[in-house]
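The following block contains the structure, expressed as structure tokens.
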Amino acid sequence: MNKQKIPVAILGATGSVGQRFLEMLINHPWFEVVELAASDKSAGKKYSEATNWIMQTPLPEKYANMIVKKCEPNLSAKIAFSGLDASVAGEIESAFASSGYYVISNARNHRFDDDVPLIIPEVNPDHLQLIRSQKYKGGIVTNPNCSTIGLVLALKPLNDNFGIEAVNVVTMQAVSGAGYPGLPSLDIIDNVIPYISGEEKKMETEPLKILGKLNSNKIDFADIKISAQCNRVAVIDGHTECVQVKLKTKTTIEEIKKVWKEFRSIPQELDLPTAPKNPIVYFEEEKYPQPKIQRNIEKGMATSIGRLRECPLFDFKFVILSHNTIRGAAGGTILIAELMKSEGYF
Amino acid sequence: MNKQKIPVAILGATGSVGQRFLEMLINHPWFEVVELAASDKSAGKKYSEATNWIMQTPLPEKYANMIVKKCEPNLSAKIAFSGLDASVAGEIESAFASSGYYVISNARNHRFDDDVPLIIPEVNPDHLQLIRSQKYKGGIVTNPNCSTIGLVLALKPLNDNFGIEAVNVVTMQAVSGAGYPGLPSLDIIDNVIPYISGEEKKMETEPLKILGKLNSNKIDFADIKISAQCNRVAVIDGHTECVQVKLKTKTTIEEIKKVWKEFRSIPQELDLPTAPKNPIVYFEEEKYPQPKIQRNIEKGMATSIGRLRECPLFDFKFVILSHNTIRGAAGGTILIAELMKSEGYF
Amino acid sequence: MNKQKIPVAILGATGSVGQRFLEMLINHPWFEVVELAASDKSAGKKYSEATNWIMQTPLPEKYANMIVKKCEPNLSAKIAFSGLDASVAGEIESAFASSGYYVISNARNHRFDDDVPLIIPEVNPDHLQLIRSQKYKGGIVTNPNCSTIGLVLALKPLNDNFGIEAVNVVTMQAVSGAGYPGLPSLDIIDNVIPYISGEEKKMETEPLKILGKLNSNKIDFADIKISAQCNRVAVIDGHTECVQVKLKTKTTIEEIKKVWKEFRSIPQELDLPTAPKNPIVYFEEEKYPQPKIQRNIEKGMATSIGRLRECPLFDFKFVILSHNTIRGAAGGTILIAELMKSEGYF
Amino acid sequence: MNKQKIPVAILGATGSVGQRFLEMLINHPWFEVVELAASDKSAGKKYSEATNWIMQTPLPEKYANMIVKKCEPNLSAKIAFSGLDASVAGEIESAFASSGYYVISNARNHRFDDDVPLIIPEVNPDHLQLIRSQKYKGGIVTNPNCSTIGLVLALKPLNDNFGIEAVNVVTMQAVSGAGYPGLPSLDIIDNVIPYISGEEKKMETEPLKILGKLNSNKIDFADIKISAQCNRVAVIDGHTECVQVKLKTKTTIEEIKKVWKEFRSIPQELDLPTAPKNPIVYFEEEKYPQPKIQRNIEKGMATSIGRLRECPLFDFKFVILSHNTIRGAAGGTILIAELMKSEGYF
């Protein structure tokens, strides 16, 4: 254990998000994973035996021999990244926070608790202050849904500069978003599934909290109308979204490209280790962005945008692409932790 | 040659649409393919040598040994189905029509000629009368784009019953829509391509002509605002489309389902050989329609619909699915020919 | 219930093989499904609620409302098709047979019981006689593994005419062979999995019993050396196999094609309802057979073969393709039942 | 232009192999691409306009603005990497070599010329000496076929230690092996194509030259019997091969794993920039190697092996996986150039 580094635990370490946390944290300059916790079924086993490692890089030796612990608040690390399944995340995360742990969670359960911030570090870093009003001895911070994050990164500069009235979005989402084993191959080869349980509601509500204003210990939700339609397609990683926006202020295509290209925020100013240099990358080629080509840009932490054009029904339409298990899950969560550390929360 | 049957020729017989014409016409009760025409490169060869047959049923013996002719208006059959590529279809089809042939075409070239009907037999059979005002000795009738047909079938009963003000559509289109060889496999495995050249404009304009009113030898285009976004996904056959509509008259989900389920039109009344019994099939399961599961319903001639629900931005949203190379190309074109025959055009 | 038809039950009716049985038996001229049995979890529910129907044709009304029963030998139909999972098939099938039922099973459990025939109706119909020596009041007959059937159909005429010494086979198997949910999509998109648990052993041993000789109530296994290597690929249906054979008698490519093309057997002579007219279809085009193109030939009941050529290491090599869930599972099992009925076993 | 670096040209720069050369050479410590040559159609254009860049990393600025030249031997760089298509490579490469250029080629045309070495740097680095006997003022060196390289890397230690008598191989090859546009998506989604033109002959002959002995200016071909069967599957990158070997000396599984794991050769001793530390990586998990998981190991330059087991027909069988466009094309060719530089050929 490196004494300079902050010890962290992973809750739900054997699942696909848990694995991605481990892969991204193996050489992290600030955090060191010292404890792995998972279901009772896995507890007591060596990690290499408890998990079915599905990452494309080999399971690091360091983790392979760690003994998996139960998800109970008696871990030594006081900061926990949660990749827990929503079926259990609610109670476990509350228990940890009550016992003094800081939980940065990828699960949906606490996202709409009044005192729990729902954070995209480039978008609403100020919302972190909500933690101070939490009933917990420690605290809970949540990461938005994988299809929300890429979208809101693209919307943020538009909202700041022109004001957004309405957003229409249709997604084509990667199978990794369903976890592992997730979607049966029989369901998706040569197919599209035009339904993802609960996903549309998340996309229609989460942006309102994220783009909302912090107002003395509560968030005033943004007043934007959103409609979402969510589809699953035969792509491994990378959610593609067709977006339309209606703006409050008249503007031009060139103006919009400019605010996207110039968009920088706190994580870039603080030069956080996982922050992309360019949170938004715009492509001029009509055929871009594509998941196979652009998902790994900025190590999977940027939103790629393309095809900005005028829309007969809204003001503008465009296509976005973001990596759902990096920026949309583990990477986004780690970036929140880096922000918290930089701002002195731990 | 069956003397009871009407002899027909296929223009562009070696391409993927041409092949589908042959497959669908092999046992047709009214039409018999007696001539195959294609590019100069293919002319003079046996069909089996000139074509790279990609259908999933074997190449019928009957066609295999036919000698391919040039696309010149000296064929014996006076009715021609055209699966020609748009790069050559314009001139060739005009030449045939000028020489007295009836050309029913799948190509885009003449779709917006003032005197050329753009027909979906269930939607605007009356537009056929435009032929009578054509400058040609024969005539040209066109079939809409593959992504337009399924959509307009779904819109027709809505427009008739409630009036449509606006339509927003995002497509996830099958690779067969790009013909053969069409899309390289390197481009689409594990990928989505958010751009199809020319497709969005077709979807934004063709429905206006099809849903327009015939007014003494011209069509008054429908006054509907349409926005389309078109994507290519890793599906063999079947275009999936996420649709939103704004209606002139207030209505309910149940009312809309009712008009869809009850929708019948001239092809059903005439019991045309290729007409689906139910042009629209509605599915209550949230996960439907899916291309792999529903594309072959009604032998590929119906539009499947599902997930009708209210929309925060429009009035309603839903998902449609239709077979792009059957209803959207060869099958739709054959159905037009059946309608023309029934109505005495030949 | 049609009084002319023989009532049958389906064991494991909710699984993917069970569903295929139902799809194939819906209009069967001899058999009528009158009872559906499955796990205790499903028992008592309407079939439409107990199953996640994944066939490409809609769930027939007739089955949708049937109440699923437990897999206990108190069903009224005395003939049962078993699509049970191997984890439970052994005991349940024995219990049914002991109670006087005839079980025709797709599960592996009893395939190597000394007194249980392992049948491909075109290959070893005489082995059925083994039933008469069974200890059961009823009887058990088994259908081979999905990857074995297509192979042995191709080998049978070679063995009869030239004698086989050795067989080498490498498979590329469809995902439907793993059942449902089966293989996770994350595992197979853009991938090959070079391992299928237990599959190679089945392919190296089952052909020896099937091609063996019935010798007064026991089977003398064939003396053929077989090596199998099994892979999973991103194909929905249809197992492709690269095969090499060493023969006892010298022969020619033309001679082999001839014995394949002329191959007919008892099911063809009896004109059984599910029997393919041509059990083996040979393709001369070098690029065939392919799963997408040939899997449905003869309604999925034939083995397609192509690329027969001399081999530097064995005598000949070739490629076969057969539909794993039709000929390789439900269809093969139904054909066995038809053979049993024709030969007076029930 | 870095004066320390050796200037090189790319022939066939706009194709998929040419692009991969550029991607791999962008930061190469020894070589710098100073000229791009391609077909007359591309010559004179900016590279960014002449090519359809399909790599997963963006087109480097440095190349984007270079003007493409004709493939004529008047380039300034005296070393050329050739990714030319076989239809033109033969003559162009001869012309360059005659004019004093060193051509290191990925094309098949000169592979079997008596005086042209066919090199895998870890396998037969000594064959490079053949260049000295070439009729050319410069020289031609060739890289083997993509499916040959991974195989021969695995065979080399077996041949050195135990002697190989016979090899049987069945491949499942990635679509990128067919170049771009290459295989139509309609041909490979939900499919396997059991035929790749010319591929089996390459695999049955190239290893004999590579594993042959240099004997005063000619190669005595190895005396090994090889049979190959080649299939195309829906994988982007990475050829999987099921291999069986018959050895001259009896040995054990453990012994074989040992010689694979310990295998090092000249490129490793010289620490060449593109050389993998471990040319062969063995995996104990039964489900490995898989293209999606292992293709990028050692930056795509290693052969992954797994599933070594005894074979009923040969002595042993196993599965190999290697990256067809890195080790099997551009990367293998660059490694040859590094070897030539190290050994003073230029």
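We just call them A, B, C and D in the order they show up, numbering each chain from 1.
Everything below uses one rule, namely that contacts are C-beta pairs under 8 Å (C-beta built on N, C-alpha and C of every residue); 3 or more make two chains touch, one makes a residue touch a chain.
If you're wondering where the values come from, they're calculated on a predicted model, not measured in any experiment.
More inter-chain C-beta contacts link the pair B-D than the other of B-C and B-D. When chain centres are set by their Cα atoms, the one at the greatest distance from chain C is A.
Between chain A and chain B, the centres computed from C-alpha atoms are 42 Å apart. Separation between the centroids of chain B and chain C, computed from CA atoms only, is 40 Å. Once the centre of each chain is set as its mean CA position, chain B and chain D turn out to be 47 Å apart. Looking at chain D, residues 189-190, 234-236, 292-293 sit in touch with two or more other chains. Residues of chain D that touch chain B in their complex: 16, 54, 175-176, 180-190, 234-236. Within the complex, the chain A residues that touch chain B are 166, 168, 170, 172, 189-195, 204, 225-227, 229, 231, 233-236, 240, 242, 244, 286-293, 306-307, 311-314, 317, 319.
Only residues 56, 189-190, 236, 292-293, 296-297 of chain A touch chain D when the two sit together in their complex.
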